[in-house]
Each structure stands twice: as structure tokens, then as C-alpha cells.
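Here you go, one structure.
Just so it is clear, A, B, C, D and E label the chains in written order, and each chain counts residues from 1 on its own.
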Amino acid sequence: MLNFLEEWSFFGGSILLILIGLYGVITRKNMIKILISLALMDTGVNLMLVALGYVKAANAPILNSVVQTNTAAFVDPIPQALVLTSIVIGTAVLGLGLALVIKIYDKFSTLDISKIRGLKW
Amino acid sequence: MKFRNFLALIIVAVFAFIIFQAFTIVPAAGEITINKFGQADLSNRTASRYINKNVNSDSKKVIYKESSNLESGSANIVTSVVANYRSFDTLGEITVLFLAAAGIAIVLNLEKSEKSRFAAKEASLILNTGIKIIFPLLLLAGAYIFIHGHLSPGGGFQGGAVIATAFLLKMLADYKFEIKEKSITLVESAAGIVFVGLGLYGLITRGSFLENFLATGTVGELFSGGTIAVIYTAIAFKVGAELTNIVKSLIEA
Amino acid sequence: MVNLTLIIAIPLLMSFTMPIFKMLNQKLPKVIALLTTAFNLLVLTANFSQIMDSAIIIELGGWQAPLAINLYVGPLALLAAFLINGSAFILSIYNLTQDYKFDDKFYLLFLMITAGASGMVMTGDLFNLFVFIEITSIAAYSLTAFAGRDSYEASFKYLVIGGIGSVFMLLGIGFTYSAVGSLNLAEIAASAGLINPLLLQITALLFLIGVGIEAELFPLNFWVPDLYTEAPTAVSGIMSGAVSAAGIYALARIFFTLFPAQSFLNYLLYLGAITLILGELIAYQQKNIKRMLAYSSLAQMGLIVAVISLGTEGAVRAGLFQLVNHSILKILLFISAGVLISAAGSKNIDDLAGLGSKKKTAAFGFTIAAMGILGVPFLNGFISKFMIISSSLNADQFLLTVLILLAAVIEIAYYLKVVQKLYFEDLKIEVKKTAVITIPVVLLTLMIFGLGIYPQLIADPLEKAAAELINNGSYIMTVLGGM
Amino acid sequence: MLTNYIFIPIAAAFIAYILNKRNRKAGAVITALVSAYLLLSLTALYGRWDITQSFNLSLMGYKIDFLLAVNPLSWLFAVMTAAISILIALFSINSQENFKFSSVFNLNFLIIIGSMIGIVFARDFLTLFIFWELMTWTSFYLISAGKKKMAGRAAYRYIILSAGAAYAFLMAAIFIFQQTGSFAFDSAAEFLVANSPAQSIMLLLVISLPFIVKAGIFPLHIWVKDAHGNAPKEFSPFLSGMMLKIGIYGMIVVFYQLSFFKIIENTIAYRGLPLLSYLFALLGAVTIITGTILAIRQEDMKKLVAYSSISQMGYIIIGIAIATPLGFSGSMLHLMNHLIFKSTIFLALAAVIYRTGTTKMYEMGGLIFRMPLTFAAYLTAIIALAGIPPTNGFISKWVIYQALIEKGYLFLAIAAFFGSIASFMYVFKPLSTVFLGQLKPQHQNIKEVPLLMKIPMLILILVIVLFGVFPGIQMNIINQISGYLGIETVNYTLYSIQGANGAWNSLLIFNIFSAGFIIALLLFSFAKKSKLVGLLDTYSSGEYITDAESYHYAYQYYRPFDRLFDNLAAKSLTDFYETLTKNLVRSGEGLRRALAAGKLQNYALYSVLLFVILAAVGWII
Amino acid sequence: MPLISSFLILIMLIAALAALFFDNLLNSIIAAGLVSLIASVLFYFLKAPDVAMTEAAIGAGLTTAIFVLALYKTERGKSE
């Protein structure tokens, strides 16, 4: 049971997080909640990316006084670099989304997306 | 709308099930699939070249505080990936933040809305004095983080974020604290120019954009990062300025 | 030989310093934008002949090609880059006559959307493609908001869909990286054969949705009509002219070079055909001229995707030629429509009646571009329509040809409704003063007639681009060969 | 060389456009000069059937060669175009003074002339298609320059129909190109003959679609009435005179050069004629009947004449479809004669419109006193149309009747007879309402049309009578065409044509007619002066009518006759097409609502749904 | 290590569900903040200190701040 947990908790957890985020975007009416679900999805994906690069019993990819040489086992640094960028991109997009929400709220004075039908298709 | 939510749940569940399938594939002979959790074998990934720092040169062993002038001198391998090997991504990422800050400023200030705004009133005394103490410390911590980006965990983004949090707290504490828009944009532009200028200089001298042209010293020393230190300082100022700008626009929307 | 990274680096430098230019002088941002796009075109022409012989690989940061980020600029990328920077150049000429509030921010975003699109087209790295898609999308979100009023809603919808797309794409990148072990397109393509078929199917679908949003395929392009209608004219122009072209390039790169499988191409074929017919049908009954143009460009993108996904060399050449023609024609349409709308004060087609006599250049531009799209002989649309029909008949896709022709007839129906209103009905509203757009209209008309009468100008790059796309072996060889 | 016949008019078009901006008459003068040059140089070309010109182009990897050649058939059509365009240009020099779109008119008119000559000289599908599209587009702009709202709608329907047909043509042409490797007619003919009959017939029917639309044959004739009715008054003669004929030219190309007849020879026959060509003949007959009935109902004289053009085209189709030597020469004769007398009618009407400004017949009357020459031109033209001996109309109809009787097709003959008898009815309607009867008060001070508009009408009257008396002139070119197309020739002399049973001597008839005419003239001049009977000088049972106009009834002239066909006319084809487009619009709207577009949440749902569906599809396969 | 991380993941999922189903917006924003906080700890467990710091500083700190600011600019501003 333990190694099952160990093996699947990260992948399963991040997929479920993405699932919750996706469900939130599709069903929640409140615009801020949609953006929250978007943030959740981003976090989920980032978690997945780093989990893909994890190596059991390896140490963080930083040479310091403890880990002297690079012959030691390291975790994969590339997904971490990608996630660094993707977190900041996610925040930037969310910031812009929230600014838009404020302006839409000014115009429609409601946060409920279904009431905002200014643009029929 | 109950039925619609239920339908959405089913569809998303099926989607998640399919993605989950990807993880449970048993590869036939010679097939490659997603690695099991914890068993990412770095040997055939480009990451191994980054760890051994032998993308261009063929040095094998890197010993902390001993091996010197490697192709990328940073002890923190993630920083070497972010600022040396894939610095083009980071440049792209900085532009995303820059555009987001510009976008937010436009969206919030294009049409002055006449609705009554939530005005930050005088914060409580505790918060006020607390901020007065923490503010310089936070700035110092931020500075430490991005200066030691190539040695310890952390770097330009994290340092910039800490600085931005410092300014955020300052703005929340006393609303009289006013950062002039002009100064933020100046810092932003200056940092941006430094970064791109660095890249162009690398292009002129070493022949390819964003190439490292400074000596890389010995691993673990303060001045061992080559251009990484300069890049991370520029990033820290830029990210700090932009996030403060975003927060400032949101507060004064 | 000028290094091609300048196409991304110089606009970046200019946009970072744009606020300072604004402080120096009010008019400077406009001029800087024009000069930068002109500079980009010069860099591209400088490398034209060299790229025609063999693709150039530019290493970024001095690291060996497949191990870090590298730019791969072959004939296909060069053609797309020319298209993107050419449209940006013409639109910045058009912008000289416009003035926007916060114009330094406008031009900085405008430069960055061009540089983002050029980056998408030139990059040889998967995550870098994702970053450039993000740059282009976030620039698009902000640029749309310049029109105020309804544009916030349009931009928000695009933002959320774009957000979902980027999540899908990141997942795809994660799976590819963990399976193949590298982010470089050539290495992934080299070992794509080894990937387990089920995993390949799932990853390809993730990319199909992530990039499909940019390439405006059927269920993912609901944001297009709102965005093109609400955004300022220059933004709709650059989006329909350049950014959608970059989207299709990225889609082609993934489904021809990375995961070349006939089943995925069939998906694209069906999606493209549905987009084409749906777009035309709904464009037919639009009252708002910009929304009509939005659906028309949506449908044309579907047509291009459908034709390219036929997979034969002739089909890809026809699709690329249609892409080039469509960008030129659509930019002229948007510019003319922009002037007509500002003259009539409303986007409703009925109010544009009789403007032909008052706004001569704009009405003329609109008519020429409409006739170009409808495939009138001696205009560029005719030749690409001819090539599309012959290549789809060649691939004995009989139903697709009938669909394309039916769409063409519907297109004639709704474009001519506007042309007739412009010229042969009498004026209803008093005409407001508008910007003078003679230079862009003349430039674009010359291109339309030039390509129409003498298509050989562009035959050679098209030939090489199609060849490069069809067999990904050459792509892999040039990048990995250097190892 | 052949190309300069095509590109000189097109080049002159732009010059005419620019010059006309400055001086209103310049455009028409240039058109006249160019068409004069064309007429002269084309007639000089007579007899030299060997000139060919071709240039090839490797376009994007496709090796394409454009072939142009002269042959009797195309020479005839080119000369006809040049002749009619010079007359119209002369006519339009004055008649376009106050016409808003006169410079656009000349620009498009010259391009149409150039592209028509291009179509006629083309020897391969691509050149034919390019000039066909050019002609369709420029005629679209010309038609929509006509009456305000209706012209727009008419041109709109016209362009959609012909564009759809043209695209079908392009598809079939490219299909043949892929099988044979070239667009030329001859290689296509060989391929089609060798190919399986069913597929060849299908291909040829699709290729003949645009020609059927342009010739206004029954199922696709709906655009003709509105287009001709509402086009600018100078363009209607060209439209119904020449444009309908290009459709016929196309049909001839399909029937003979692409060897349609050879292919359907061995298909099931019906009374000695392959079923398909009989069906075409039937279509021609139905066109005659519907055209005539609908023409009678019209109140607007231009629409009336437009329907009459449709019905006259029916004759030509019957002639060609029955594929006998007599039939073919009869239809060619009728083709030429119809062009002549139909343009005379339209020019006369244009003169009337130029003076009175209206096309509604009941608003006019008694113009015979003010515009005698126009009346004379109109009279001779309707005599020709009705097919009465001294005029050319009679000869071509006579030959077609001979052909029908020779083959013994009863229904077709009856339809033809009905057409010519009924044609007298609808032709007489404008005569009596516009020219005879009482002069309306507002038309008191109308003068005859200026000289430049009189000349074309005079020339046309002379030509009607000339060809009426000496059909031989036409017959020698027709025989050369039949020889070129491989049909036996009909023997003829200068003034008589050998029919199925007995020849027709038109000179003799003409002498008798002129003798009778002179006697009547003498009697009229020497006899006792007859009292001019005013309209009011009559005995009407007690009911006094004070003003003269009320005697002149012009509205719903043939009401009793029309009542017979009211229900038939009601369900006209146009409603069928209108409903077609209406549910096209509704389907677009329905799709939009079905997708519940506009709501962001659905967009998100659809993207995930796409992933799931495609994954499922992938999984199953 | 595996036990703690699985437990933390569980809490994170519950917090995420709570973020969706709270009807008071402020609570759901705080729940979202909690999710990214736990995520940054998880990153630490996955031996990715850089990412943990970024997630903490930007994900938990700034994003939550921005959300709260936006909330006070729209709904909450009204009720004061």
C-alpha cells in the first residue's frame, strides 16, 4: 500500500488538481472563481512537470558544501526551470484577467459570466 | 443548470481518465513512455549535459569550490539552466510579465470609471510600525536572494517577488506612500535594456545572442556566475518593478 | 550575413525603451515601430538567398544546436516571417495616421506581438514555442482592450480559452519531455517513432488543442469573432494577417515534423472543413462588417488547414500560397473597413451605404480585396483557388472540393452585398472625417495584382517550403547532423 | 496576332475610364472607335482559319498552355460582338449625358468586349474560364449600375448563379486536366470519347452549366428578366443580344468540339434522336412557352422584351439540339437575326426611355407623332420578331420549322408555332400602348432622338430587310461553320434556301410585297382625303368621356389571356430559389444557436469535448 | 517522506474543492492561497527549492494579494 501511495500520489494528485480546475472553469459562474480555477490548473500542471523530473533518493540540483561533486544523483533541473517560467506566466495572465474582470464589473456590475452576454457570437 | 454541471463532470472525468491512461502504459520492447514517478533516468536526457556542464566543453567532474572557468559557472544548476543554457526562455518570460504589466495599466486606466473606489484608510498602528521595520529587511532579503542566485536556491524572480511584496505591504500600510509611475517605468525599461543589451553584446563579441562573455571563476565563489549575476540583478529589478506596477494599478484602479 | 535573432532582439529592445521614447517626444513611438518593422524586413531579405539553398540554424547562448534553444529558419519559416513582418510593416504605416491613448504602450505591444509571432515561426524548441505563443496571446489580450467598451469581455473570453490552451500544451510538453528526454524539436522528431502509440495519440491531441486555439480550428475558435470585431483595426489586421499564420505554422510544424501520422492529418482535415463551412454560413448573415470579416478569416483559416492537411506537396504549396494571399487581402479588407466604419460612425453594414463616392480609396481597397478573395482572374486569389481545387481533386477528396466551391459561392454572396451597398446605393449618413490610407491601400493593391499576374515571384520559396514541410527527415538531419 | 484583339479593348477600357471622368462623351467615343477597329480588323481576318497563338506558363509546378485560334464559328461571334458594340457605342454617346455611372459603364463595357473575344478565340478550358470570369464580373458591375434597388438584387442573383456554375465548370475542367495533362479542347475531346460514357456525360453536363445559365435556358433562366429589365438602358441590348449568345456558343462547343453528340450517339434513342439531345430540345421548347407566357404578363416594357429574348433563345436551342443540317443552320440564322432585331427593339425602347424617362408602358402613349423613326425601327423589328416574310426573322424561323417537320417532332413544332404566334401578342402590346393611342399631356413637347441615336436604328432597319431579302450572305459563313464542325451543309443561293420540301425564294416575295405596298401607298394618297376621326367623335351609349386618355387603355392589356396562366406564373422558379437561400440563412443561425455560442463556459467545454471525442475516435480505430 | 506528501496532497485537493464550492469569495481565495502554499511545500519535497520559493513568493503571496485586491475592487467594495 505504501509504495502504491508513494508511486501514484504525485501524478494522481496533480491530475485531480487539473481536473478540479477544469471543472471549475467550465461550471462556475463567478468570473473570479473561473480565474481561481485557472490558477489551480496552472499549479496542477506545474506540480505534474516537476514530479516528472523527480528522481528517488536524489538531492536538489545545487552544488554546495554538502553535495560536493556532480557525480552525485541529482533531480532533473530542466522541468524546474520550465516551471519557474510557467508560474510567472500564469501569474501575469491572471493579473491581466483580474484587471479585465474589474473593468467588466464596472460595465455590467455583476461577476456572473452568464449574465454578461454583450457579444452574441 | 444541474444537468450541465453533471455533463461537464463526466466529460472532465473522462479527460482525466485518458490522461491517467498515459501513465499506466506498459511499454513494449524498444518503446519509450513517460517515466515512472521517481525513476527519471537522467542519462539520456539533455539534463545530464547540463549537470556535467559539458554541452560545449567535455569536462566531466565538477567539484564544488575547486573546478574553475567551466562553461557555466553557477553552482545552482537550475539557475545555470534558467540564465545560461535557456536564457532565451527567461528573456521571453520577462517580456510576458512586461506585457502583462503594460496590459493591466491600459485596461485599468483607459477609461476612468466613476464608481466609488475602495480607499485604503489609515492602517492600524501595529501594521504601520510593523511594516516600517519589515520593509527594509524584506528589501535586504530580496537583494540577498537575487545576488546569491547562482549559489543558493532562489534568483531573479524570487528576489523580485520579495521586493514587490515589500512594496505591496508598504502601499497597503499607509496610503500616503506614493510611488511615481515615471520612476517604475524607468526602472523597468532600464533593467530590460540591460538584459537585452547583454544579449546583444554577447552576439557582437561571441557571435551568438545571450552568450556568456564574462569569466566564470571557480564554482561556489560569489563571482563565479559570469553574466548570470548581471542577468539576475536585471531580472530582479524588472520583476520587482513590474509586480509593484501591477499591484499599484490594482490598488489605484 | 546578419544574424536572424535580431528580428526578435531589436523589437524587444525597442519595446523596452518605448516608454523612454515617449518621454522624449510624443510622435516617436509611431516612427520607432515603423523603423523596427522595416529593419526586420531588411534582415529577412539579407538572409533570403542563403536560406533558399539550405536552412540556417542559429544557436542561442553559444550552446551546441540540439542541446539548448536554437532557431531553425528554413524556407517555410522565412516565408512565414516575411508574411508576419510584412503585415506589421504595412499596418504600422497605417498606424501613422491613427492615434491611440497610451500610444507608447500600444506600439510596444504591437512590436511584441510581431516579435512573438516571428519567434513562434523561427524557434526550434518546444518550450520556447510555448513561451512565444504566450507572448503573442498576452499581447493580443492587452491590444484588444485598447478599443474599450465591449473589448474587455472579448479579451477576457480569449484569455480564459488561451489559459486552458496553455495548460493543455504544458501537459503535452511534460509528456514529450519525459518520454523523449529533450525539448528540441529535431530530437523529438527523431525519436517520435519510438514513442508508444497510445502516448503519441494523447500527446498529439494535447498539442492539437493547445495550438489549435491559435490556428482557429472549429471548436476552439469561438473567441475569434468577438476579438476581431471589438479590437482596433490595426490589431484585427495583425491578428488575422500575421498571428493566425504563425498559429497554422506551429500546427503544421507539430503535425508534419514532430508527430507525422495520417490519422492526425485526417482530424485536421475534418476540423478544417467544418470550420470552413460553419464560418461561411454564419458570416453570410452578419450585420456587423467587422464580424463578417472575422468569420471570413476564420473560415479561410479552416480552408488552409484542411488543404495543408491533405499532405501532398501540391496541397501544401496551395495552402501556403492561400495563406500568403489571405493575409494580404485580409489586411487590406480590415484597413478599408476601419476607415469606412470611422466614416459612417457605425459598424453596421446598412449604414455603409453609398460610401463608395465619398471614401474612394477605402471603398476601392475593399472592393479589390473582396474580388481578390473571391478568385477573380488576374488577382492573386484566383491562382491559389485554382491550386487548391486541383490539389484537392488530385488527392481525390471529391467531397472536400464540393465543400470548398460551395463555401466560395457563399463568400461571393456576402462580400458582394457589401460592395453593392458601397457603390450602388445612395448615402444615408453624413460622412465624418477619417484617416488617409492611400499608401497602405496602394501598396497592398500592387501586391495583389503583382502576385495575380506574375505568381512566379513567390513560386520558388513556396516550392522549397512545401518540400521542407513534407519530409521531416531533412529537418532532423540539418539540426542533428551537426552533432 | 490574336491577343491584341483581346487586350486592346481591355487597355482602352482604362483610358476610356480616365478620359470620361473629364468629358462625359469621351468614353462612348472611344468605345465606338475601338469596336470599329475590331470590326474592320476582324472582317479582314475572314477566311484565314489557320491563325493560332499559344503561350505556355509553368505556374507553380503546373505546366499550363493557353491556346488561341480562329475558326469560322468564333469569327462569326467575334464579328457579331464588334458590330453590336459599335452600334451601342454610337447610341450611347448622347444617351448617357445624365447617366451617373457612365465612366464605369464604358470601363466595364470595353472589358466585356475584350473578354468576349477572348472567350470566343479560346481553345482551352483555362483561357475560356479566365475570360468567362472576367466577363461575368464586369457584367455584374454593369447590371448593378442600373435602376436603384432592383438592379442590385438582380445583379446579385446573376453573379451567384453564374459564379456557382463557373466553379462547377472549373472543377470539371481541372478533373479533365488531371486525366489528360492539358486543358486543350481536342485532348479533352479524345479523353471524353475514350472515357466511360456515364462519366463523360456527367462531366460535359457540368461543363455546360455556365453556358446554360448564360443562355437563360429553362431551369436557370430566373436571372434574365430582372437583369435585362433593370440593366442600364444602353447595356440591355448588348446583354440580351450578345451575352445570351455566348451561352449558345458554349453549348455548340460542348456539343460539337467536345464531341457530346459523338458520346451520346449510342445511348438510348427516342424517335431517332439520342434521348439527351431530345431532352435539350424539350428544354428549348419549354423555354419558348414559359418565356412567351411570362412576357405577355409584363407591364415594364424592358422586362417584356427580356422574356421575349428567353423565348427566342428557345428556338436556337431546339435548332442545335436536333442536330440536323437544317436545324443547325436554322439556329445559326436565328442567332444572327435575333441579335439584330432584338437590339433594334431595345435601342428603340432606350430611345423612348431617353425621352420619356419611364419604362412602364401605361405611363406612355401616342409617341408615333413625336418619334416617327423610333416607331419605324420598332415596327420593323417586331415584324422580324414575329417572323413575317420580308424580314430576316421569318427566314430563320422558316428554316427551323423545316428542320422540325423534316424530323417529324410534333410537340416541338407546336411549341415553336405557339411561340411565334403568341410573340405577336406580346410584341404588339408595347407598340399599341407606347406608340399608338393618345399622347400623354406631359409628353407633348417630346422631340425625336438626336441624330447619333438615329443612325444605329436606321442601319439596323436596313440590315433586317437586307438579310430578309438576301439570306445567302449569312448562309455562306454558316456553311463554313457547319463544314468546320463536321455537319453536312445546306445548299442555298443568294436569295433562297433549300428547305426539306421546296426552296424559299425571298427575292420574289420581296418584290410582291413592295409592289403591294406601292399600290396601297398610291391608293392612300390619291383617294378622297379621309376625315381625321378624333377619338371623342364616337357614339358611346350615353356615357360621355371628356378626356381622350381614358379611351387609351394600356394597363393589363391581355388580362383575359393572362388569367389562363395565373396559377402557373404564380409559382415561378424565383420563389424556389428564394426559399433555398432563406433556409441557408436559417441553418447558419440555427447552428449558431445550437452551439449556444456566446457563453464562455461552452467554449471551455467544447475544447475538452474535442479532446475526448478525438481520443475516443483514435482509440476505436 | 511519501506518507507526508500523500497527506499534504490530500489536503491540497480538499482545499481546491473548497475553493470552488465556497460561496463566499474571500474564503475561496484563501483556500486557493492554501493550495499554492501546500504546492510550494510539495515542491520542496520534490527536491525543487527554487520552484518552492517562487511558488511561495509569487503563487501564494502575490496571486492571493492580487485576487483580494480585485475582489475589493468589485464585489466587496460595494458592501462596505
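Methods note: a residue touches a chain if its C-beta (ideal position, glycine included) is under 8 Å from a C-beta of that chain, and two chains touch if they have at least 3 such contacts.
Going by UniProt, the chains are A = Membrane bound protein complex subunit mbxG; B = Membrane bound protein complex subunit mbxF; C = Membrane bound protein complex subunit mbxH; D = NADH-quinone oxidoreductase subunit M; E = Multicomponent Na+:H+ antiporter subunit A.
Only a predicted model underlies this, so the values are computations on that prediction, with no experimental measurement involved.
Chemist: In the touch network of chains, how many steps separate chain A from chain B on the shortest route?
Modeler: Steps on the shortest route: 1.
Chemist: Of the chains shown, whose Cα centre falls closest to the middle of all protein Cα atoms?
Modeler: So the chain sitting closest to the middle is C.
Chemist: From the C-alpha centres, identify the chain that is farthest from chain B.
Modeler: D
Chemist: Of the chain pairs B-C and B-D, which one is connected by the greater count of C-beta contacts?
Modeler: Most C-beta pairs in contact, of the two: B-C.
Chemist: Greatest Cα-centroid separation from chain A: which chain?
Modeler: Using the mean of the C-alpha atoms as each chain's centre, the farthest one from chain A is D.
Chemist: Round to the nearest whole Å and give the separation of the Cα centres of chain A and chain C.
Modeler: 29
Chemist: Per the centroid of Cα atoms for each chain, what is the distance between chain C and chain E, given in Å?
Modeler: 38
Chemist: For chain A and chain E, what's the span in angstrom between their mean Cα positions?
Modeler: Centres of chain A and chain E (C-alpha means) sit 10 Å apart.
Chemist: Between chain B and chain E, what's the gap in Å when you average each chain's C-alpha atoms?
Modeler: One centre to the other, that is 19 Å.
Chemist: Provide the list of chain D residues touching at least two other chains, using ranges where the numbers run on.
Modeler: Residues 592, 595, 597, 600, 604-605, 608-609, 611, 615 of chain D touch two or more partner chains.
Chemist: If a residue has to touch 2 or more other chains to count, which residues of chain A qualify?
Modeler: 6, 10, 12, 16, 18, 21-23, 25-27, 34-35, 46, 51-54, 60-62, 75, 78, 80, 82, 84-85, 88-89, 92-93, 95-96, 98-103, 119, 121 - these are the residues of chain A that touch more than one other chain.
Chemist: What are the residue numbers in chain B that touch two or more other chains?
Modeler: 8, 11-12, 15, 18-19, 34-35, 40, 45-47, 76, 78, 86, 89, 92-93, 96, 99-100, 103, 107, 111, 115, 153, 155, 157, 246, 250, 253
Chemist: Which pairs of chains touch each other?
Modeler: Every pair of chains meeting the touch criterion: A-B, A-C, A-D, A-E, B-C, B-D, B-E, C-D.
Chemist: Considering only the defined contacts, which chain E positions touch chain A in the complex?
Modeler: Going by the criterion above, the answer is residues 2-3, 5-6, 9-10, 12-13, 16-17, 19-20, 25, 28-29, 32, 35-36, 39, 42-43, 46-51, 54-55, 58-59, 62-63, 66-67, 69-71, 73-75.
Chemist: Could you list, by residue number, the parts of chain A that touch chain B in their complex?
Modeler: Its residues touching chain B are 6-8, 10-12, 15-16, 18-19, 22-23, 26-27, 51-56, 60-65, 67-71, 74-78, 80-82, 84-85, 88-89, 92-93, 95-96, 98-100, 102-103, 106.
Chemist: Applying the document's contact rule, which stretches of chain B touch chain C when the two form their complex?
Modeler: These residues of chain B touch chain C: 18-19, 21-22, 25, 27-28, 30-35, 40, 44-47, 49, 55-56, 84-89, 91-93, 95-96, 98-100, 102-103, 105-107, 109-111, 182, 185-186, 188-189, 192-193, 196-197, 199-200, 202-203, 206-212.
Chemist: Which part of chain A faces chain D closely enough to touch in the complex?
Modeler: 22, 25-27, 34, 113-114, 117, 119-121
Chemist: So in the complex, which bits of chain A are touching chain E?
Modeler: The touching residues are 2-3, 5-6, 9-10, 12-13, 16-17, 20-21, 23-24, 28, 30, 32-33, 35-37, 39-40, 43, 46-47, 50-51, 53-54, 58-62, 75, 80, 83-84, 87-88, 91, 94-95, 98-99, 101-102, 105, 111.
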